[in-house]
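You will see two complexes here that share chain A, one where it goes with chain B and one where it goes with chain C.
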Partner chain A sequence: MTKTSGRTDLLIALVLIVVAIAIPFQIDSRYVLGQIVLALFYACIASQWNLVFGFAGIFSLAPVAIFAVGGYATAMLCFFLGWSVWAALLPAALVAAVFSVLIGLACLRLTGVYVALLTLAVTQVMYLLIVTDTECFVQVGSVCRQLTGGPGGFSRFGDFGTRQLLKGDWMIGNYAIVCTLFVVIMVVTWVILKGPMGHAFRAIRDNPGYAVARGINRFRVQLLVFGLSAFLTGLAGGVYAAHFQVIGPTILQLPQLMFIIAIVVIGGTGTFWGPLVGTLVLMGADELMREVGEFRTLGLGLIIAASIVLLPNGLVGRFRDLMRYAGRNRSAGLKTSKDIQ
Partner chain B sequence: MNTFYAVLVSGLTVGALYAIASIGLSLVWGALGVLNMAHGAMLTLGGYVAYGVITGLGLPVPLGIFASVAFGALAGGLIYVLIVRNVLRQAKADFEANVMIATVGAAIALENGILLVFGGQPLRQPVTVSGSFELGPLIVPWQNFIIMVAAVLAMAVIASLLNYTRMGRAIRATAQNRDAARLMGVAADRVYLIVLMLSGAVAGICGLLLSAMVQLSPSLGNDPMLKAFIMCVVAGLGSLPGAVLVSFGLALLEAWVQYQFGARWGFPLLLCAVVVVLIWRPSGLLGKTEVRRM
Partner chain C sequence: MKRRQLLTGLGAGGLGAAALSALNAGAAHAQTGDPIPIGAALPMSGPSAGDGIEFKNGLDLAAAEINAAGGILGRPVEIHIEDTREMGADLVGQAMQRLIDRYNTPAIVNGYNLGANMVELDVAADNDVIVLHNNTQIAHQERVKSDPERYYGGFQTDPAEYWYGPGCLNFLNELVDAGQWKPANRKIAIVASAVEYSIVIGNAIRDKAAEFGWEVSVYETVPFPTNQWGPVLAKLREDPPAAILVTHFLAQDLAQFMTQFLTQPTPSLIYMQYGPSLPVFREIGGEAINGVIYSTVIGGLPDAFAAKYREDYRANFGDTASWLTGSQTYDALWMYATAAAVAGGPGEPFNGEQARKVAGVLKGMVHRGMSGSFRFDPEGLVAYSYPTETKDPSLGLPHQFLQHQDYRTDPKLIGPQLYADSQFMLPPWLS
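Coming up: the complex of A and B.
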């Protein structure tokens, strides 16, 4: 599988950063900016799931569960212990990482669909236990508050402080925070992928037998990628909770999970920019389908199925095929370095 | 002592339902080596088709049952022709995951289609029987009795199809060794199609029986499908007798836990059970020992 070279990645990143800085100056509508922030959250989870599934080849269906753990841990630390949101983010991400490693310990002895089914079951159990939680943990005034927040979830546990600081422009402040988060996540992912660890991930995905023979410990490497990606996903979950000032069990539902998976599949599994492309395309399609309201979910399902069948390597893969085709025509048989890669 | 028998009866009924749900999944896994995530939506479809034919069109009950079987088979066939066949053709190593994701897409579309046609409000399945009979200390509602008999009947039909027909032999051969079967002249493409149609038909029946126990809703099949997956994994994916056995065992356990500790602990317990079993025996209780350990 080809991969974009470091220089191309840097170029794309610079362009994206310029666009990201320009966005708040060009867009006045708070709704549009809010949707962009939401898209960035999706891109964060998707990029980490891509690390786990696309690069390390573990078919885990736990990304939203880990995201939720990060969000819930942030909310609970603020709600029960009175921490500030900023202080809670990193500990919450650590909780998510530990949670993910525990899941990994239980199911990474297995491969393929077994992992998928177990992680899916974990997500479902979390959802059911939270929704059916009715036991009082603390009494807030006359309202009873469950340990897990119950079906309503947590709200009013604090925010980033952008509302006091920027007044009407608070959304721009939050946008900046989420953008920074996304950049950090992408940079860390890039460094991991270019380093020896990234090579180990891919070796295990492409040829487990050979990788193990070369002295790579499959279990340890996969556990590592589980923990790392969960830390970043959990961090995104915490920022999500703080941005929306609410976290509830709805983010654990199946459609959310499928949306993440669809983003990666459509963008291109195992490509660095795939999740971002997928997010843009799917959020765009979602906005367009808002016009036809009730057919949105139907359309989403069909898009997922069709893109697996018609775009085996996603949009980024298709784009690369096109580029290679064009390049081959231009250089008329001369093998360029891109072709060899 | 009365509660013990009540738990027993409900556990056996639910077990029968899980058993036919997991048979459908296991069939496909055994022959094709992929998981059909649209199985739950196919269960839902079976229930709704019966509702539409019997209540909506006012046709007799047997016709409704036939329709849900036929539509289930049709849905299975379409999923093979439109999705699974094309993904298998891509000759990519991770077709397992790709088929799962694509069938999830199909499931979302199917479930939402049902929601658009029938609406989200719970509906009452017309094929219900009231009353109960006593069998010694057991008080068995007719409804549960019929579900159990129908489930056993469905299992018997599948077992004899697999054991005594040419096609059944081809299916078993493909499940045992795909390449060898193909070399012996088994038309793999046709076997795959028939397996998916068969599993769809079973899903139709299962959905019909299921909707007689609980009300019809567009998400009817999701929970049973996930539990059927768990049964299949505990039994070892692809092992039909194992799936049936484990379904009954775990359903009884679930019924007991739900009675003892409350309904919300049933599913977490199943999850714990499967984790424990898989740590002890990674290929399931009755599964073939996995050769590739990498």
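Coming up: the complex of A and C.
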């Protein structure tokens, strides 16, 4: 990665931070702020899936499972042990990381579609185990609560305290927390990608044979990316659960996973800003199509299909191609005028 | 003169209309005030879209009648819908917040939303709006009781799903006691699906079975939704129970259950949950659904009082439209309109003082709607169920037991006795 691209990333980040700070002053709709918060959660998961798939080349379909583990661990620590949400977030993220490493130990000996199948199976098994859990673990009033929360999931296990602190403006408080989370996740991801680890990820993705020949341990590097990305995804899951004060098995359903994949594909796999761009496009399109009712899902499907056909490298990839093309033309133009002189 | 005859001729929402007209008599500007936006976060797409459409129909019909009666203190009501798609807490919460932010709705009248984990109550509390919903969950009253000051504006306009358990077992025993059914044994099989509503009912039946003299021989949980009933039916055929109680509730899946069951029926009574009330159950199942018993703790009654409502519903939305389902939001909107008028107006979001006045009226009122009598438990703000929860039919919604006796016609109401208009018939595979 060049110094120029590093400076560009920094410039984009600064602009985004200014926009993020301005948003609560410009938008007083709790709904719009809520949608932005939701978009930030999607961007968090997508950026970590992009790290695993886009940069390290592991076709894992476990991002929502790891996100859910983070959310469930947070909720369970609060619900059963009475912890505060703040205290539960980091241990829950650690639980998600351990969970992911265990999946990694089982599936990283495999490659390609087999990794996808195994991780997808893990997600679906988790969903089925939770929704079919009918045994009463504790009795809360007249409601029976299962160990996993069952099909109803967990709710009312605690929050960030913003409601008590900010009253009617609690959404702004939660927005600030989720924004901070997103910034932390992006900064950590950027540092990973800029460092030797990032180079190792890309080397394994682009030419595993050559990377191994140069002394990179494929299994260990891939396990590392599994653990690192899972810690951040799990942290996001915990914050998600605390924001909505609910975590349930619906998060594990296939449409959620497909939405995350679509975000990364549209934004651009293997690009740092791709997940954010993809999130903005898909969430924006979804919002704009609210009024067309039953055509909304069709519209989203068409956008995804068109992106795959017309933008194989995603929006960020296409933008980068255009910039390169413009740069080449500029150089060619300068050369021609020099020749004439 | 019978009570039913006395009530014949009263128009749909007749009592409510009379009350509203009286309240509107003093309004200086009948039908000239600003419209009152009423929100509805409904599953207009996804697996519960069939019900979502009926909920919308119920709201549209009630709004038209309320406006014809002069609106709420002279202000017409205006319905705004937001789709909750596959439902779930995030989608339902965001849909409700959008209604409040975009249309300034002082009240939201939902049907049901699955997996929402009572997020409705938090949105209502955060914005000081009234919410009426039919989630049919015991979790509602637990949440309200946990912080009554905060959740003052959340009302569940039907009884909790829990009452299906004892209600169903009690009904089976009544059939046996009346000599209308001679069970082959004292075994029951419970088939639940992987959603809280279905499992809470399944668990309630399981937990109470022994008390009512039944033994649970099979308790099977199937995915939601599902139409592959082969493995479950194989288990049931191995050890046929006297009754098969299916607490899964999607009409299309239940119709499939019946067609697959009849290829090799067991001598078992079949009881199902809610889904058979929808026209699609009859359309898909055809003759195979004859004999099925189902129950609902809320639904339009086939009585004289609701005759005009049924007629208007079908006239407006077609012969196959389910007035039984639409009545849920129809009654809820009438209740809200009456309460808002009595309280001196609906107010607007973040006007906690006015919202509390409206909630206060709702909490104390008794409303005879198309589904029966509504009265809220003052602590949990959930409608009472008759006869299992309250013995007074004027204060509780009848837990209705219906049977499909001819798939070409409406199902017959066979219980509770006070409301029944037909007798139980042995299903074809048992007779």
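In this text, the second predicted complex is superposed on the first by the 328 of 341 C-alpha atoms of A that agree within 3 Å, B and C clash if a C-alpha of one lies under 4 Å from a C-alpha of the other, contacts with A are read in each partner's own complex, and residues count from 1 in each chain.
Just so we're on the same page, a contact is a pair of C-beta atoms (placed from the backbone, for glycine too) under 8 Å apart; a residue touches a chain by one contact, two chains touch by 3 or more.
Predicted model, so just to flag it, every value in this text is computed and none were measured.
Of the two partner chains, chain C is the only one that A:G153 touches; chain B does not reach it. After overlaying the two complexes on the shared chain, residue contacts for A:T297 are found with chain B and with chain C alike. In the superposed model, A:R163 makes contact with chain C only, not with chain B.
Residue contacts after overlaying the shared chain place A:P255 against chain B and chain C alike. Looking at the shared chain after the overlay, A:Q245 reaches chain C, while chain B stays out of its contact range.
Contacts of A:Q26 after superposition on the shared chain: neither chain B nor chain C is touched. Legend: residue contacts after superposition of the two complexes on their common chain; A:C136 is shown touching chain C, with no touch to chain B. Using the contact criterion defined above for the overlaid structures, shared-chain residue A:L128 touches chain B and also reaches chain C.
Counting contacts as defined above, chain A residues 128, 132, 255, 294, 297 meet chain B in one complex and chain C in the other.
Partner chain A is touched in their complex by these residues of chain B: 35, 82-83, 86-87, 90, 92, 94, 96-98, 100-113, 115-116, 222, 226, 229-230, 233, 237, 263-264, 267-268, 270-271, 274-275, 278-279, 282, 294. Chain A meets chain C in the complex at residues 29-32, 34-35, 38, 128, 131-132, 134, 136, 140-144, 150-153, 155-156, 163, 168, 170, 244-246, 248, 250, 253, 255, 290, 293-294, 296-297. Remark: chain C residues 44-45, 83, 86-90, 93-94, 97-98, 100-102, 115, 117-119, 122, 126-127, 138-139, 141-143, 145-146, 162, 192, 194-196, 198-200, 202-203, 219, 221, 223-224, 350 touch chain A in the complex.
Across the interface of their complex, chain B is touched by residues 53, 57, 59, 106-107, 109-114, 116-118, 120-122, 124-125, 128-129, 132-133, 208-209, 212, 218, 254-255, 258, 261-262, 265, 294-295, 297-298, 300-306, 308-309, 312 of chain A.
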